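I've put the structures underneath this note.
First chain A sits with chain B, and in the next complex the same chain sits with chain C.
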Partner chain A sequence: MSEKTFEGALDDLEAGTAAGSAEPARGGEAGDADAHPAVRALRERFGEAILAHTVMAGDEHVVHVRADRNVEILQFLRDDPAQRFDYLADVTAVDFGGDRPIEVVYQLWSIENRRALRVKAALRVDALEIDSVAALWKTANWLERETWDMFGIRFRGHPDHRRILMPEGYAEGFPLRKDFPLRGRFSRAEQTRRALSMTVEEHYSAEELAIVEEVKRDTSPADSGEGRPAS
Partner chain B sequence: MSPRTVEYLVSRSPELDDRGRPVRMPVLPPGMEPELHGEHMLINIGPQHPATHGVLRLVLELDGETIISCTPHIGYLHSSFEKLGEYRTWNQIIPLTDRMDYLAPLIYNCAYAMAVEKLMGIEVTERCKVVRVICMELDRVFSHLLWLGTTAIDIGAFTVFLWTFQERERIYDLHEDLTGARITTSATRIGGMMADLPAGWIETLRNFVDTVPATLDEVETLLTNNQIWIGRNKDIGIISGEDAINCGLSGPNLRASGVTYDLRRDRPYYDYETYDFDVVVGEHGDCYDRYLVRMEEMRQSLRILDQAIERLPGGPINVNDPRVILPGKTDAMTDMESMIHHFKVVMEGVKAEPGESWFSVESSKGELGMYVVSDGGSKPVRWRVRGPSFVNLSALPQMVEGRLLSDVIAVNASLDIVLGEIDR
Partner chain C sequence: MGVSLPTVPRGEAGFFTTKLDLAVNWARQNSLWPMPFGTACCAIEMMASAASKFDLSRFGMERMSFSPRQADLLICAGRVSYKMAPVLRRIWDQMMQPKWAISMGACASSGGVFDVYSMVQGIDTIIPVDVYIPGCPPRPEGLIYGILMVHEKIKGESLADPSLREENPERVGRPNLPDGVIDEIAKPFGNSTTQNRVSGLVRTTALARPGDRNP
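What follows is the complex of A and B.
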């Protein structure tokens, strides 16, 4: 049964994003039995922006939403007094490989109501851009940076859009994408060559380097004979 | 479970300021404030620095001694565990999990196994549940003891480190007896454990549970009312409950800010709701409260361990499910079907139905989420670890900006981060 649900959800997603329109709520039948209160409220309020609702692994409610409305939907979930999903546990992405859309996954938890909800937004591989929710939750700042670093999904409006785990000059792409080979894109020789040719200076800002220069000048052998100038 | 009021005993006869509060820094008369609004200085801490608890690099912008901005740089330990996981079968991932948080490896083993079992719809045996609760609570104490020792060292108290590491050594021995390894335990399997408890293990554990509170008491006499300890920790790195939720803090860091959120109580797994324990909550959200919360959590963990030892049931440790569990060695060597079964489970790996599951447990650092996505194969499509330290560290800049340089060390220590899991 779960196989059907999962495949069905994927088909829905593909159809939904490809058509860019609302999919008739096939999750509706699945959800009616033990509908999650948040799902009902979302359907009432956002209607066609809620593409599907599935239940995974027994009790995990997943809502697929349109990627262009993620911020307002998440803001509603956070601020609505009946929902209060105030805790953003995780932001990540899932790449299924091929040309299938990459899903951005938000794990929400309501500390007050002790309820969980997973919100997913699918992005076409050739349009990996979604609005940042870092303004809603500070948690999202680093988690979105990690998602960018690993999947190459650009978060519009992110306050500090940099790589986080890989070095800033990393040229091999986005490691957790399915088309990224386990060993990396470059040959071992090329990787070694790049590693050896890296200069430490690249990892420091211009300001930091200016300070180093200043210290070097102040402590140069010419005048450090006896009275080393106080920094 | 009402918030605990903390009595701060600063000194017997402290010097008081105009508002009747103890003086902690020399007060200059108005107009004598030194002008520090000159040039800003950048200071680099780490990546190789003992007080960063690993390879963390912090770039601090200072105005005098006041921190204007703090930028953490991480990734020095990045090992791409999540990518590696996609090339391994479900059981082969287990050794990767304990290399993330090597300070509480069993919690990571258990959390991963639980997520996969949930995905596969496997209910582990009663004995396995209790054994895993024992493993997780033992490692919570294990991790908190390390935190206590290293934090004390960061702040200047060396003795505590030696005492807590003596106790940790006993947990290392318990790990070794249970799994054969001291740090990289890899103790769980999908559907159960690597092996049942060895003979005499419970007695050793019982002895540990009975004797460790004495060490905790000794540490408390050294630290809790110690003037230097209080001076370095009290009112340092304050974060309000609301901010803490918004920043995604979890575990002791969140509870120290007064938020009663503990997954063992709020999203119970393994019958945690049937154990009698208190969710420890602080009040002020400062380093001192984080210290008090962790101290009390260790005692609560010992309470849970005590109950778990009492109720440890007999019976098999592994589920009777041929999908995931290997046949007995004798069967595999004598019976044709069992041998084929053995071969298939080993060579192809355990298969999971298409689907996904998210499972989060209360690790020693906070909410540890394991998210697994399967397409029906013997390897995951995606294995995601929501590391508590990663998110906790992201709140560091907010907690130290505007404070003094020396506070960075105290605040960073009080967050209890482990870089292996942050960098993954």
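What follows is the complex of A and C.
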């Protein structure tokens, strides 16, 4: 990398031909497993499912795991009395461009032990599916929806697998992918027409709309008298 | 205060003569109820404008009308995403005539720095706009100046010209501009360089209202 020009590196990025393109890009230095108690425990318990351990920016420990075992590994990190990563700070993804795998990133924090850990699982671009962890942390529900919305990664077993930021009928793809054009795929006129042809109610699930109906019913003038049912 | 009102002799009805347009426009311009559509930092400046230091109520805008049906002036303060576009359009369609619109700030007027997949490139693609206020965000003085420009515009209107207040039911919920114009103004920096044409300062087919046309 140090020998290459900036433009050359950019070209490689676009063509997906940078060194080890079929492999996930692992920045940082190889980590010392003893430096982080969770990493040692993971290595002992899951063996070859722990693919690599690197350290970024001095003290940010990153564990690369096999994508098909993400749930059991994350459940261990959450429940093991010595780990207790009870706070899932973020679920997101990284697209490195080209044909290189897209990484799903779980950023964990243990409130009890005041320790952070980043867990990454690489997915091939032609098989963007991973098991949902929404059953482990409720916050993963919306975070995984955002990751689906922006990167197009499917979360198997997700209870409410919808887009969250873009409108439900959005047909231009997944905006944070490297191959997504900045201004979108359609013309501005087409985007405007599509936007205005949406009805606002389409943004919400049936459950969310039911809440609105309930509030309307409870606050309608006809219902403000004695006939109101006790809740 | 040294101001003396004309006196009316006891027992006689006082009257004065004026032009109907003048009286109606005077009433309209001094009782504009704003419909705040605040989506970003411009809304903070809009709130400051309404608060005691700048005090929009000096201009007859005592009451922010959070119901579009009782509002006369839509103030779109902030960026509007495509997901928000049908909401803005519906609120505009719900407002009753006479109504005016202010596009406050760079993002509402042209998309601003958000020349991206998710952002409306100027709300004039969605609704007709009377006054654009530049700034990022504009100071309250800027907003007040824009409101005073709306006042000037109201002063120049005539009840004899019904086209000013005409609404085409077929346009409800539709884009405000033809496709070609939207594409043109949404080119990089497009809305900032071609906005005159859209706002009706020069002759164009893309006018919000026929009355905006220059003589």
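Quick notes
The rule is short, and it goes like this: the second predicted complex is superposed on the first by the 163 of 231 C-alpha atoms of A that agree within 3 Å, B and C clash if a C-alpha of one lies under 4 Å from a C-alpha of the other, contacts with A are read in each partner's own complex, and residues count from 1 in each chain.
By our rule, a residue touches a chain if its C-beta (ideal position, glycine included) is under 8 Å from a C-beta of that chain, and two chains touch if they have at least 3 such contacts.
These figures come from a predicted structure and were not determined experimentally.
By the touch criterion defined above, A:175 lies against chain B and chain C together after alignment on the C-alpha atoms of chain A. Touch counts on chain A: comparing chain C and chain B, the chain ahead is B.
Shared-chain residue A:82: touches no atom of chain B or chain C.
In the superposition on chain A, A:94 makes contact with chain B only, not with chain C. With both structures placed on the common chain, the touch criterion links A:206 to neither chain B nor chain C.
Legend: residue contacts after superposition of the two complexes on their common chain; A:111 is shown touching chain B, with no touch to chain C.
Once the two complexes are laid over each other on the shared chain, residue contacts for A:166 go to chain B and to chain C alike.
In the superposed model, A:196 lies in contact with chain C only, and not with chain B.
Within chain A, the residues touched by chain B in the first complex and by chain C in the second are 165-167, 175, 180, 182, 203. Here chain A touches chain B in the complex through residues 2-3, 5-7, 56-58, 60, 62, 86-90, 92, 94-97, 105, 107, 111, 114, 116, 118, 137-139, 141-143, 146, 150, 163-167, 175-176, 180, 182, 203, 207-208, 211, going by the rule given at the top. Of all the residues in chain C, the ones that touch chain A in their complex are 82-83, 85-87, 89-90, 115-118, 120-121, 125-126, 173-175, 179-180, 182-183, 186.
Across the complex, chain B meets chain A through its residues 41-42, 44, 59, 73-75, 78, 80, 82-84, 87, 118-119, 121, 243, 245-248, 259, 261, 266-267, 353-358, 360, 367, 369, 371, 373, 375-376, 381-382, 384, 386, 390-391, 393-395, 398, 423-424.
Interface of chain A with chain C (complex): residues 165-167, 172, 175, 180-184, 187-200, 203.
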